[in-house]
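You will see two complexes here that share subunit A, one where it goes with subunit B and one where it goes with subunit C.
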Partner chain A sequence: MIEKISFSATINGQKVGPMDVPQDLMMVELLQEYLNLTGTRLSCGQGMCSACRVIVDDPAKGTYTVAACVTGVAWLNGKTVRTIEGIAGEDGQGAPLPSAIQQAFLEHFSFQCSYCTPGFVNSATVLVEQLERSPIAADRVEDVVLESLDKHICRCTGYVRYYQAVKDVILSTPGLTHENPVVLERPA
Partner chain B sequence: MVASPVGQDPGWFAGGRLRYRRDGMAKVTGSKVFAIDMRARDLDGWPDHQSHALTLHVPRADRVYLGLDLSVLEPDLAPDVLIDAERLAKDKVTMPDADFYGDFFLEPGNVSPMLGQPVALGIWHDYERFRAARKLLQFNNDIFRFGEQADPPKRAPYGAARFVRIGGDDPRGADRFSPMKDYVVWPDTDESGVQWPAHDHPAFGAAMGHSSDIQSEMENPPEGSRTFAREYRSQSIDPCAMEMENGLGWYDPDSGRLNVVGATQSPYSAAHHILEMMSASTLPLKALDFVTGYTVGYGQKEHQSFPYYVAMAALYGDGNPVRLALDRWQHFQFALKRHPFDIRTALTVDKDGQFQAMSCDMTGDGGGVMNFSPSVGTVAVTAAQSVYYMPKSDMSVQVLPSIGVTSGSMRGYGTLQSMATTEMLVDEIADEIGMDAIELRRKNVIQSGMKNTQGAVPSGHLRIGEILDIARQDPLWTERADRKAAYEAENPGTLYGLGFASVQKDFGTGAEAAVVRLEITPEGRLKMRHVAAEIGAGATTSQMLVTEPYLGRPADEVEFSVQHWPEMPLKTEDQPYTTPQEEEDQLSQDPYWVPRFTSPRSASNSAYYFTHATQQAAQLLLRLALWPSALAIWGAGPSGGQSTPEPLRFEDAEWRDGMLVARSMEPLSLERLAKRAHEKGSITGVCIHTFNRWAWTEAEFEVEGQSFRAPIDALSVKWGTGADAARKAQMTDGGYAFQPRTKVYYPPVQRNNAGTVYYAPCATLVELGVATGSGKVTILSHKTWLECGTQIVPELVSGQLQGGIAMGIGHALYEDLPTDADGPGNGTWNYSRYHLPRASEVGVWTQTGHVLPPLSGEDPPKGMAEVVMIPIVGACANAIAHATGHRFYSFPISASRIQEVL
Partner chain C sequence: MNRFLRIVTLFALFGLVVLGTVYWIGRGSGDIPAASVDFASLDGDQRQEMLERGEWVAHASDCAACHTDPSGGSDLAGGLPMETPMGTIYGTNITPSDDHGIGGWSADDLYRAVAWGVAPGDKNLYPAMPYPSYHQITRADSDALWVWLMAQRPVNKPNRSNDLIFPFNIRPAVTLWNAFFRPDAEPFQPDETPAAQGEYLVNVLGHCGECHTPRNLAYALTDDHLAGEVIEGAYAPDLRPDALARRGWTEDDLVTFLHRGLSPQGVMTFGMFPVLSHSTSHLATDDLEAISSYLTAGQTMTGPQMDKPVAVLSPEGASLYTGLCAGCHGTDGAGQPNSSVRLDVNTTAMYTNPLNLIRVIAEGIPERDLAQGERMQAMPAFDQMLSDQQMTELVNYLRQRWGGQEGDVTAEVVQSAREEGHAAR
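Let's turn to the complex of A and B:
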């Protein structure tokens, strides 16, 4: 007998559910097998490699990522989640409009096979959003990028081009570092 | 390849500039590009509902396997279909080339040859029962019934060989004895091991005599010379492709059509072997459609058996598509590994530091199934010379079966294991004889025209000496003593070490074949079909760019990983290494015969070999299609038009800003040329086949009155929409007309003995800190120099370099798999106990890479994806020796091993 729960959430801005799913279902299974959102990639199934990290927008705790391979749907029930499929915008003609992080990954040739890319995109996105709220000194950027992304395993790239891309986004985006503040134009 | 959003995004190349990878937008947005992303409902024409399959692998090889006990699944979760050896035997579904791939399933009553051997495959027609059943079966060894304790079956070594060379007085002159001049020793093998031939052996006796002489001389070196011999151990590694083994298949028993979406680096072989799998089957197979996704493997998905499990599972889906995907534990349990080797290396050095002789004896562990073990062994030992010229050498290898998971063709193909240890020995010798370690290398470096240990002359100019000259002047090297003292003073409890290693790695296999088709549409769009598969390294970006110098722009549309080539109706036995010369001479009289049809994506082969094929197709399209059209346009009008006053030659053709120009002629767009060619029914498409056996095959052709010789061995052409009836009637091969070669020049089969002639050199300096308390190693920085000819896409080269170094650091310091009963074949391994290097462990912010400029505008691109991961391994070992004063001879040099000696 397969025990089930009723699950609902907001995923990439869309209401999902209520739907009956096995009570021990992991988020990555829900995304892949029930919603056909396969950009969240299963690799270790242990929460070790972070290929499957998705973003949780929690009004109480803020924005953070979780490893979807070891996070049960029961825990995510009712929450708001972003996956890689919800990061890029749309250019009005049906083509994707990459986020700043995605664009930087493209221009830096950051990824090779790309299996781990969605996880990197999500964690880097959360980092940028955190820095929007709490900017840092420019000389701390490398340390902060490393702290934020070191949980991600990439077997192809040696990480360099991912890290350089995130660093570039942080240093070039006004408001993310103390040295590059957002300049508000005074109303005429 | 399987349909995906790749190709829908035109933004990758804009304004005459590569902006990002062609597959970049699809990948960065998480689109379905991998086979593992695909579900039946994503595929046009497939039923929406899919079933799920699970392989069951025995975790031990020391007891007789009696069968399964799946009572744990009763009553609701039993598989809807259970396939085992008996069922396959009944249906006559057989593993193709079982000696190479192993058997599908172990039959009850036998001891498994290896841990992790599949015994059965279950299929569940709904996901929720499947996952519930999987949960009960995972880590549950009670489902396997075992009998009495027994040994696994005895097996002969997978392969063994000996390469003996005695050079002449001139390293560039004739050898006294060498594999290239004479032969390789291929000993008999049986269950008792390798039977090395005696000195009076009719075929191999002379080589064995030379071998004994070299060994004897090395044991008793002349006055003033010393022989240094060390024993090394290189461990078993999991390539850890992030995409696990997987695939999706659908078999319609009514139509007899089998559709498979696979994840493999060798799609052409996989497709043909699936046909072989079904050749005697009672299940009808009328058609096979095998496509691949974008994938990744580092060799782990090269000629692996998994696609056949996917195809086999599909046969039993009761008409439903079946998905078979290993989880990470199973992937560790069954996917191919890097060979562990025990290596005994000896070098005799004279009083001036000149190398006199080398011997290397390698014993590899091939695991449970042969796979590529024989050739991994020979490639490994023929690379052991690293970057040095050896006047005499005796290099032997054997690769043995074991109960471990099968070893395959992981990145480096054995050369990482052999060259890294040679570099450690050279470093130790420098210490022992009191010579600067880079100076010792420089003194003995192989130079252009000198021979390798097989007696073959490497291709072109060897530039490792150039790299050594740069490295020995680097401040990291020249100031190493001061830097060590300063660092250790500033960081009490941490020892500073600087290490260097230099290698040159072959690329290709000695039987590289490729097929490429290029054609222009009436609208001037450039369409390509190509055998290249994408494994992450970027071949599907770079091969599109290769057309630009010849056709003015990258291909507009492309189909990669193509296995069906009706336009190239060739025949082959695919025995390029073993066909005798006389027989090959006879076979090659047939213009439809080639030694091999195509190669997988492996052996760093796309940059050089696939590029050559793409270039040849582009050049021939220019020569046979565009240039005649240009001449016709320029020559139109009274008195021969604008071209009459100019002496135009084909060599004058060049592209400027996307327009074809020649001397002072009017620039012509591809669109205009295409329109003309189609209107006149001229040639508008070419399909070519290439073959390289450590040299390019050339052939002569006569096409439309033009006689030419080109470095290809087969050609088909297509005429444009305005072709006359006679030409249209000739286009019977997939819309193309095969053009029989009039003469062909295959490189002699003796070149198989060369081992390799194509090398890319690379060297790395690494500085690291060793914590005296824990033994923990911290990479402080590293610097790498590479020579790879002309870079097609420098960003892709740099990415390979950085990624290769990280993988090398993993090999040097962290990754390790037991090869006994505790190894990954028992199904309990995952990243929680197998440490892959993270960014904080690879010097992510402090590394640099330098690529030498090409020698000429036509310096071909070299395969470099493997070589870049090798020098860091030896360099780390040498740096740890510099830091601790202790030499380690076994990988990985883990913190705990360091701690033991501190």
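Let's turn to the complex of A and C:
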């Protein structure tokens, strides 16, 4: 008999559960088969390609990504998770508004088949959020982008356009590099 | 006052006499056996035979483990840092470069350096050069190694000075260490049995004890031969027959492990991975069988056992295993070939010392090209995701479920192992 656990979490800002699920269920199965969140892509099934990376917001350990194909619901129970469905904003009239990273990927034609894109979006989003807290020198951006996205595999070989898009977002967004600080408007 | 001065002088003189005696005992080298051949009269076939034997000696002795050039290009040009409690020692250039290597050395010089730890000019080598193990190398093997080394491409790369703390940076002081801890050079007399060949390979050329044998406070090998030791931030396990049997080794699995770098008991990692690539993967099956035969020493080897957990497993540990490990290693620990190792018979959880288990989970393992076409994909690091308490739960779970060990690892032990890992990286 399959042992079950009671699972609950906050996924894309929505409370999920408590619900009984098999204790050895992997996160990608929960998202796709139980919650109908099919944007997280199962590919290698071994945590190697990063297509399925989702974001975990942990108050104690910070924000990080995990491979949903090999990370069990047992680890994510009670945690706050963001998937690709939770990245875009809303334009005020009910239509989705791409995040800066998503918009840059569109403008740079970064992806072709798009199978790896949710993983790239999530890891790049975490990188941008890290830089908001700890800006870096502009001349380090290329290295940091490569370091952060290096483990993501794209079979359409879109790496250059992905990396260029993320680099552009980082260099053009105030507050992410030392050379481009946020300028606070002073009251007149 | 005069009486006090006389006593001090007497003690000082006595100290000098003792020091002088010890220095005299440990100085230079003893007699060396005559060369095994007349190098000047070697014909083409004899020279070729020596070259082949010399290459075998270089592999079996794992010269490249310390003398490789970490920037690439040569296995013998030196520069690899070795961290010791006394500081950092850098492997030297042993290519036949006249200016920076050993191009000017004779075969006698090489034997004296390898077996006695003394380079030309009566210069002491530090015992990071494992002459306390090589002291039994046969003169024929030393000569073959010399012929092979002198036939290699010279690399004109200067040696890097060691960064040792005082007083270990005083090289002549090694003489005092030699007086107490250096065994005399005595060429091994192997008979033809595999176990004797294995003894020569394990204890002399392979110098396995340099990592696997506990050291004393003077950093010399103790009599607890191959009983396991923590070195360079990792635990080099107990290789005595009963320990190997308890951890589920068989003679065949040992051969496979040394030949391919993996077996049901685990994968070469930490300091053993370079040993695989530079040494054991190059040895013939006969050599590996000899090593295996010597190490198992007639002990009954029952092979991997899937014992029941030794205690009631903690739900926290089980939850962490299911959440973070089971996706690759399986809920039953069966693993996946060339992707994630079996955990149900893996030996890492079977060591009393949990250092390696903690470090592997915290730091992960890079993907590896092992040997004979075997590969393992990377294991991710869980350092950021696991608190010391969570790591403690997980490590104790693995030890109790598959390791046959007590769940007695504490958060303090975990913290200390993580620090040791950070220092070793």
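Please note the rule applied: the second predicted complex is superposed on the first by the 187 of 188 C-alpha atoms of A that agree within 3 Å, B and C clash if a C-alpha of one lies under 4 Å from a C-alpha of the other, contacts with A are read in each partner's own complex, and residues count from 1 in each chain.
By definition in this document, a contact is a pair of C-beta atoms (placed from the backbone, for glycine too) under 8 Å apart; a residue touches a chain by one contact, two chains touch by 3 or more.
This structure is a prediction, so every number in the text was calculated from the model and none was measured.
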{"item": "Residue contacts with subunit A in the superposition, subunit B compared against subunit C", "value": "B"}
{"item": "First (subunit B), second (subunit C), both or neither touched by A:G72", "value": "second"}
{"item": "First (subunit B), second (subunit C), both or neither touched by A:Q23", "value": "second"}
{"item": "Touching partner for A:I84 - first (subunit B), second (subunit C), both, neither", "value": "first"}
{"item": "Subunit B versus subunit C as contact partner of A:A60, first or second or both or neither", "value": "second"}
{"item": "First, second, both or neither for A:Q46, with subunit B first and subunit C second", "value": "both"}
{"item": "Subunit B versus subunit C as contact partner of A:Y115, first or second or both or neither", "value": "first"}
{"item": "Doubly contacted residues of subunit A, that is, touched by subunit B and again by subunit C", "value": "24, 46, 48"}
{"item": "Subunit B contact footprint on subunit A (complex, rising order)", "value": "1-2, 22, 24-25, 29, 33, 36, 38-46, 48-49, 51, 83-85, 87-88, 95-96, 98, 102, 105-109, 111-118, 121, 142, 146, 149-161, 163"}
{"item": "Residue numbers on subunit B that touch subunit A, as the complex places them", "value": "8-9, 19-21, 23-25, 27-34, 36-39, 41-42, 76, 127-129, 131-132, 135, 239-244, 294-296, 298, 327-329, 535-538, 793, 795-796, 798-807, 830-832, 836, 838-840, 842, 844-845, 847"}
{"item": "Subunit A-touching residues of subunit C, taken from the complex the two chains share", "value": "319-320, 322-324, 326-328, 331, 336, 339-340, 377-378, 380, 384-385, 387"}
{"item": "Subunit C-facing residues of subunit A, complex", "value": "5, 23-24, 26, 46-48, 60-62, 64, 66-67, 69-77"}
